[in-house]
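A single structure is presented below for examination.
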Amino acid sequence: MAALLEVSNLHAAYGLTRVLHGISFVMQEGSITTLLGANGAGKTTTLRALCQMVKTEGEIRFCGARIDRRATEDIVRLRIAHVPDGRGTFVNLTTEENLRLGAYARKDKDRAGVDADLERIYDYFPRLKERRAQQAGTLSGGEQQMLAVSRALMLRPKLMLLDEPSFGLAPLIVKELFGILRTVNAKEKVSMLVVEQNAAMALELADHAYLIETGRVVLSGSADAIRRDDNVRRSYLGY
Amino acid sequence: MSRRQIILLAVLLLAACALPLLVSDYRVFQFNLVLVYAIALMGLNVLTGYNGQISLGHGAFYAIGAYCAAILMDKAGLPYWATLPVAAFVCLVAGFLFGLPALRLEGLYLALATFALGVSLPSLLKYHHLEKWTGGVQGIVIAKPDPPFGLPINADQWLYYFTLLVTVIMFVIAWNLLRGRVGRALVAIRDNHVATEAMGVNNAIYKSLAFGVSAMYTGVAGALGAIAVQYVAPDSFGIFLSLTFLIGIVIGGLASIPGAIYGALFIQFVPNVADEISKAAPWAIFGIFLLGFVYLMPMGIAGAVRMALARLQRRAQNRQRST
Amino acid sequence: MKLVPIAALLAAALASPAALAQKKYDPGADDKEIRIGNTNPYSGPASAYGTIGKAIGAYFKMVNDQGGINGRKVVWVSYDDGYSPPKTVEMARKLVEQDQVLILFQTLGTPSNTAIHKYMNMKKVPQLHVATGATKWNDPKNFPWTMGWQPNYQTEGRIYAQHILATNPKAKIGILYQNDDYGKDYLKGMRDGLGDKVGMIVKEVSYEVTDPTVDSQIVQLQASGADTFFNITTPKFAAQAIRKAYDIGWKPTHYVNNVSASIGSVLKPAGLEKAVGLISTQYLKDPLDDQWKDDDSIKAWKAFMAKYYPDGNLADASNVYGYTVAQTLHQVLKQAGDNLTRANVMKQAAAMKGWRTETMLPGIRINTDAGDFAPIESVQLIRFDGKEWKRFGQIMGR
Amino acid sequence: MEALLHQVLAGLATGGIYASLALALVMIYQATHLVNFAQGELAMFATYFAWTLINAGVPYWPAFFATVAFAFVLGVVIERVVIRPVENAPVLAVVVVFIALLVILNSVTGWIYSYTIKTFPSPFPTGGVFGTKLLSPHELGAIGVTLVVLVLLYLFFRFTPLGLAMRAAAQNPDSARLVGIRVGWMLALGWGLAAAIGAVAGMMVAPIVFLDPNMMGGILLYAFAAALVGGVDNPWGAVLGGFMVGVLENVLGAFVIGNELKLAVALALIIGVLVVKPSGFFGKVFVTRV
């Protein structure tokens, strides 16, 4: 496996507030990697930094090429799909329009191809198909989360950045969603970088994990190893 | 207030008092208008700057204040100074009443409602059933007050001092109001009205109150303006006056008390400069000035001054630290 | 041998007090120049009139090139007031107190001039030949420092009323007027002129300058059954009204006021064929009227425009107006000679006997005296035949 | 009764004018969530461009389309050059930039072309239609053109990927960026489209009100009202709003309150409606669940 994403010494700030203080990590192609950490540790900022939605310093390499000076729109064109915090639904558009937008940055967006992808995604999430003509703003929270993931999938991404995919969802729905993510990872070879508050679930999904505290990586290892770490268990897993 | 600020203010006030003795009467008149505009802008700033309700029609309240003064002086023979409280009260009520329905309107819709008020007020002033009082399209000519107590100054200088006194009073009141609980509530409503509602702040009362107080300030300014110009007519209060006020608070600096003064200086003097530069297209030059100011100081002159002061302070501190 | 220079010296010594006695100046005038102040709307919604100020400025440039007035250059100081009375006050004060002009000339607009009326008279600075047709400028008793120039709106309104009474005493009159001082002055003139026959007016409708069109008003007038239409508008609305009336098939006897009788800026845009039969009054020659094509004064005006105001619009009658009114001031200042006091300028302006310049219609003259501060009081009735304004009847007024 | 019909027809004709400019306002609102005060002056300026072409001998329709293209480019350039620098400034600063644009365009046009009114040709025949002389062929044609523009816009936004991207960018710029939409360019395109629609409006309005630099001044307020009555996010609503305002104003002026106060009363009514129904007659209300 080659390194898909290499981040070294990444700094980021919102205005005068520094959030990331030199984060470094590596992500392998095909893996599901998770960033763990408490509220405010800088997980969301890390994902935003990868897409250049905040000002950064330091180096980010994707497939070996530097992307830390490129515009968000161009990074998306490298097939990095971001499922943002708060889902980023286009509330006034229909479900299907939301999904079609997901394919916007694809170079091969012939109508037939996009339509086929839509069907594929409706197979994963039949509920979205039922609601395809409905205003996306009227979908339930769980449905909107599925929509966000689906929209990302429409890019046929190499890498998906998932920001708190379980946030505010009923446990059953989270289970369903994570199941699908696993399938996608296995079947479609989509690498995933997942940020989660719910560390237990994240570690179940991921094969590799980094622990972030106040803008720095403090621990890394395979998901299993991390899960067994006493500190992590006490602070994040709660048993 | 720090000691430095108090000293600065005292110096400024002294300069303002000395001004009429140093410059020509025509300049005194101009600075008189600057003071008038400063009060008007302070009013608009309460509403738009502090409370976030956009008004594109504040010229209407300025006009109401002006007509109050003119009608009372011309028809009822009231002395000029006695018209100010009346103008203030009338505009307070008018603003409060207009603010009630405006409560239901947000953003653009409020902008339209106020814009509509600004556009239609001149035609109301011309309305033939009101002509008896307003003088219709001819307007009302009023006399300039003479200095009282045999003061050895001329009418322009006296009026300037009178206006200065009113300005200082109005600004002190505004300053007390805005830095306290009321000011914080206004800003909080502007920034997040859902949260303030949850915190038990009565948004509705504060918002209509902001409208009323804002209209009151602008109305007092209108009355003072009418006394200075000695004439009111519907043509004096077109929609461009309202837009000029908006320009004033944005260029001066939103939600800033000194901003009102900077803005007043801008709207008084920059159009004259534009006219000096080009007779052919004075508005074009004015527009370019506007663009220049917004580009260079997006937070207004007050914002730029604040930033410059902060930088100076930081530099001074650094120097202290290094020595 | 020495006698000659001594004699010369003596002569000079004797002559100079006399010469000094003749040369009298107020602020704004000296041996070299005469400073004339003005306000005009160069910006804002009334900026169409700004061309008058520019034409006057161009005229005095020409005068200066030709040696000035009695050897003095005219300095034209004109400021933008955006048609806002408070700004006019400010600018008038700047002109009088800071720029030290001798007089204010052709300040434009009824509200603007009303705003400075008192001030100018208190300061005793002439407010000469103001660019508005309100009646109040002719009040030498109370306002001896203010004088109008053009025929006043009320008189003109009365002339149309007289014409209607004389030609069609059974007329049913519909009136469209601009809802401001200008429209209301005409309306008053018409009503006064009709006297006890004021009932002939079957409908009066107004419009605001901010209205996009007057279509609705024209439809209202047609519905009222009026057969005579008095159109008191400014050029754009006049053109709209003429066209709309024609288009909806309303064919009243159509009177349009002098301000909107320009071929170039009203009749042409409305469509010349739609303007046939229009009745109006004039006191100046219309530069686009065929009958003046070879007229010397219009040719001279065109040459002036080409050389001194090339940006100016040749179809705009306002430029003839500016040129003519500037000639009037030229005459006043010439008459004033070396006595360039403000009082003498007013005195000379009030002592024009039968003076005319060729851009005025034949028969129009300026007459003023100490009790009559209304320079042009006569107008010529005219009717449009599709190409030219045909003069008919005699000169009306004084 | 007949008089009423006449006023309604005249109202529809002027309503068509309001509708066409309202459409441009809605357009730019959809793209930028701002109401552009300079929209009317942009339209006026573009119409002068058309006038210049036609006077130089270019036939009407080529001049028409050249003007639409010119206005589009002008809109894009203005967004890139003038609006860009204040992207992150407070909303009111942007409003001041709009006012600056308004006065600059107005003044420069007056300077170049003078303030005398000019006739602007109509592409439609003269004479009456449907046996009535109250609605001229041009007025009818102008309404038709407005409706065609409306349908084209609808098709563009509803069925093209670019239209979809523009809607997305206006609604949620952050998310739009995350699906790869170049939001900055979408704004510029929005400006371009709005200016192009404005140019069409200008060319349809000018034959009715005559071309002069202040041509759009009075219309802007009505268009603004029309856009809001119809719901500022809804082009169909804007057009209907335009007709409503036109008819309402005429009927009120002719039969109820007289011409003097018709504007004031019409506006008061509109505001009354907005107080009761704050999103306009046809505006959508979104309930977003979180």
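The first chain written gets the first letter, and so on, giving A, B, C and D; residue counts start at 1 in each chain.
One rule holds in what follows: contacts are C-beta pairs under 8 Å (C-beta built on N, C-alpha and C of every residue); 3 or more make two chains touch, one makes a residue touch a chain.
In this text, all values refer to a predicted model and were calculated from it rather than measured experimentally.
Taking the CA centroid of subunit B as reference, the farthest chain centroid is that of A. Two chain pairs, A-D and B-D, are compared here, and B-D has more C-beta pairs in contact (counted per touch definition above). Central chain by Cα centroid: D, whose mean Cα position is closest to the mean of all protein Cα atoms.
Separation between the centroids of subunit A and subunit D, computed from CA atoms only, is 42 Å. A straight line joining the Cα centres of subunit B and subunit D is 32 Å long.
In whole angstrom, the spacing between the mean C-alpha positions of subunit A and subunit B is 51.
A straight line joining the Cα centres of subunit A and subunit C is 76 Å long. Among all residues of subunit D, those that touch two or more other chains are 103, 107, 110-111, 221, 260, 263.
Multi-chain contact residues of subunit B (touching two or more other chains): 119, 123, 126, 280-283, 286. Applying the touch definition to every pair of chains gives A-D, B-C, B-D, C-D.
Looking at the complex, you find that subunit C touches subunit B at residues 42-45, 53-54, 57, 78-80, 82-87, 89-90, 93-94, 96-98, 109-112, 114-115, 117-119, 179-181, 184, 208, 210, 311.
Interface residues of subunit D, counted against subunit B in their complex, comprise 29, 35, 82, 85-86, 88-90, 92-93, 95-97, 99-104, 106-108, 110-111, 221, 224-225, 228, 232, 260-261, 263-264, 267-268, 270-272, 274-275, 278. Subunit B makes touch with subunit D in their complex at residues 48, 54, 101, 104-106, 108-109, 111-113, 115-116, 119-120, 123-124, 126-128, 243, 246-247, 249-251, 254, 280-284, 286-288, 290-291, 294-295, 298-299. The residues of subunit A lying in touch with subunit D in their complex are 51, 53, 72-73, 76-77, 81-82, 84, 88-93, 97, 100-102, 104-105, 109, 135, 137-141, 144, 151, 155. The residues of subunit D lying in touch with subunit C in their complex are 2-3, 6-7, 10-11, 13-14, 17-18, 103, 107, 110-111, 114-119, 133-134, 136, 205, 208-210, 212-214, 217-219, 221-222, 249-250, 253-254, 258-260, 263.
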